[in-house]
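Next come two complexes, and both contain chain A; in the first it sits with chain B, in the second with chain C.
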Partner chain A sequence: MPIETWLIFILSFMIIGSIVALEIKDILSAVIAVGVVGLGVSLSFIFLQAPDLAIVQFLFEIFALIIMVRAFVKKDYHQEEPSKVNKILIGITIITLLAILYFTASILNLLPEFGEPLMNTAQYYLNNGASDTGAANLVTSIILDYRAYDTLGEVTVLFTAILGALTVLRIKSKSHR
Partner chain B sequence: MDNNSGMTIIVKTITRITVPIIILYGCYIIFHGHLTPGGGFAGGVIIALALLNVMIAFGREFTNNWLNINFLEKLESISATLFLVLGILGFLIGTTFLLNFISKGELFRLLSAGTIPVLNIIIGIKVAMSLFLVVWVLAGLKLDEGESL
Partner chain C sequence: MILYLLCFTLMLVGLYGILTKRDLIKIILSASIMGYATNLLLILFAYRNGSIFPILRKGVEIIPMVDPLPQALVLTSIVIELGTTALLVALALKLFQKYKTYDITKIRKLSG
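Moving on, here comes the complex of A and B:
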């Protein structure tokens, strides 16, 4: 079976999971249904032959599940009552999306074939990556050698985010002690 | 050790056995980042999850005594600085920022690929410490009744 069939199967499974997460009453079941979406992304990375991304996605799904269970399960939560305005809004949204799909359908013919990118950079990395950097894992050779500057930015973003979280939350938890 | 905090004795015993193995696996993923799938980011998350496992099983107070949280915070900042220092070293020794200035070595060997394993280790420490610290701080947050965050 071609990869596209599997991907469509996983994607529809993810859509069902997110709808279940939105509609279900029990908060723990909703959190687990959100987990289905992330694990679907991880599976589709495996089908697209990107094990590095699949590992990271899988681990982060577990991490997010821990945080969400810790944060939400014992708390009361506000449930929105279904109202008439909501139904009208959902109808307007669906009609708008269908209109956008109708008017942009012709662009689908212009897209390149699946697995045939327009850019030639990736081919250069595949040909010369191992001899340029000496790393057997091409993904690592790209993120830590060719694109190490991007990784530095990523580290800075993580550092700033954790600094902010530590500063704000530490003050708050100290004042409640 | 206070036996009342945290989860049951079954969970504690299993955690005591599995956490060292999980940390070892995380170190393997980090050190082999330039040879097999994975790398600093994935290995760091594995180590952070192992430490979180201890925190969930034994409770926050036990983890506070077991780990030196202040040291972990310093380790996190130091690793971020080391990444920058390595980049500037590439500028000083060679020509460009973050240049791969150590000898490349032989393909498929553990000690190869120049600065890539070093950067992997730095990123692994950074990710592990920061992700663990965020959940550690969040777990210590207690809200008063009726107060919203």
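Moving on, here comes the complex of A and C:
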């Protein structure tokens, strides 16, 4: 079977999974449905020839699931509270999103077809990456050599986010004093 | 083309969740769905027909490889997403401790 067919199948599965995750009342089921969507992303990375990304996405999925379940699912775990939802507002939102989809279709037409990327810069990396950096894995050579400043910025953002999470969790709120 | 459209639809589903849901946990889940869709779209741009992953091996002649640049950028993006999700979860937990609810329409007072 061609790769497009597999990817269309996985993507439809992911769309159904995310709609289920958003509409279901039970929070544990919603978290697990989003986990299924993430594993679908990991699977499509394998189909798209990106093994490093598949591994990282898999790990991310496990960690996110552990964090969410640990944080939100207690013994008497929380269900989405029933609330009066404005039907008109939801209708307007869906119509607007469909309009966005319609106008984006013409923009996506301008892009190169699936399977034929531009490869202007990347061809240089593919040809000279091994001799320039000495890394057999070209993704590693880009992350740690050609675009090392990007990685430095990424580590800074990650550090700041974790620092923010720790700081927020350590502050005692007034009701607990 | 159809793949790009499906992937964009996945992102719009996440946007719909952020715009219409009132539960904080649902909003966090929608944000992570949008992140998945964006990463997947970038990797879809990178695929080249009939090519293999960009890892050089000894004794194998040069064959076409997929674009390694989006893969490197998405690798950093996934890791950042984990940090962002952790920060959002911490904020939601703190709000729950104060207000005893995850419903954003009931969270009104702004004093810490």
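Keep in mind that, in the parts below, the second predicted complex is superposed on the first by the 145 of 177 C-alpha atoms of A that agree within 3 Å, B and C clash if a C-alpha of one lies under 4 Å from a C-alpha of the other, contacts with A are read in each partner's own complex, and residues count from 1 in each chain.
One rule holds in what follows: a residue touches a chain if its C-beta (ideal position, glycine included) is under 8 Å from a C-beta of that chain, and two chains touch if they have at least 3 such contacts.
Please read these numbers as outputs of a predicted model, since none were measured by experiment.
Asks: Chain A residues in contact: does chain B have more, or chain C?
Replies: Comparing chain B with chain C, the partner touching more chain A residues is C.
Asks: So in the superposed three-chain picture, is A:Asp52 touching just chain B, just chain C, both, or none of them (first/second/both/neither)?
Replies: It touches chain B and chain C both.
Asks: Once the structures are superposed on A, label A:Ile66 by its partner contacts, choosing first (chain B), second (chain C), both or neither.
Replies: After superposing on A, A:Ile66 lies in contact with chain B but is clear of chain C.
Asks: A:Thr5 in the overlay: touching chain B, chain C, both, or neither? Say first, second, both or neither.
Replies: A:Thr5 contacts neither chain B nor chain C.
Asks: State whether A:Ser106 touches chain B only (first), chain C only (second), both chains, or neither.
Replies: So A:Ser106 meets neither chain B nor chain C here.
Asks: Looking at the overlay, does A:Asp145 come into contact with chain B only (first), chain C only (second), both, or neither?
Replies: first
Asks: Under the stated touch criterion, which partner chain does A:Met119 make contact with: chain B (first), chain C (second), both, or neither?
Replies: In the superposed model, A:Met119 contacts chain C only, not chain B.
Asks: I'd like to know which partner A:Asn137 touches here: chain B for first, chain C for second, both or neither.
Replies: Both partners, chain B and chain C.
Asks: Following superposition on chain A, which residues of chain A contact chain B and also contact chain C?
Replies: Residues common to the chain A contacts of chain C and of chain B are 51-52, 56, 60, 63, 67, 71, 130, 136-137, 139, 143, 151, 158, 162, 165-166, 169, 173, 176, listed in rising order.
Asks: Please output the residues of chain A touching chain C within their complex, sorted ascending.
Replies: Touching chain C: residues 3-4, 7-8, 11-12, 14-15, 18-19, 21-22, 27, 30-31, 34, 37-38, 41, 44-45, 48-53, 56-57, 60, 63-64, 67-68, 71-72, 78, 80-81, 83, 85, 89-90, 93-94, 97, 100-101, 104-105, 108-109, 111-117, 119, 121-122, 125-126, 129-130, 136-139, 142-143, 147, 150-151, 154, 157-158, 160-162, 164-166, 168-169, 171, 173-176 of chain A.
Asks: In their shared complex, at which residues does chain B touch chain A?
Replies: Residues 29, 33-39, 41-42, 45-46, 48-49, 52, 56, 73, 76-77, 80, 83-84, 87, 97-98, 100, 104-108, 112-116, 119-120, 123, 126-127, 130-131, 133-135, 137-144.
Asks: Over in the complex, which chain C residues touch chain A? Could you list them?
Replies: 1-10, 12-17, 19-23, 25-26, 28-30, 32-33, 36, 39-40, 43-49, 51-57, 65-69, 71-76, 78-87, 89-94, 97-98, 101-103, 105, 112
Asks: Give every residue of chain A touching chain B within the complex, in rising order.
Replies: My answer: residues 51-52, 55-56, 59-60, 62-63, 66-67, 70-71, 130, 133-137, 139-141, 143-145, 148-149, 151-152, 155-156, 158-159, 162, 165-166, 169-170, 172-173, 176.
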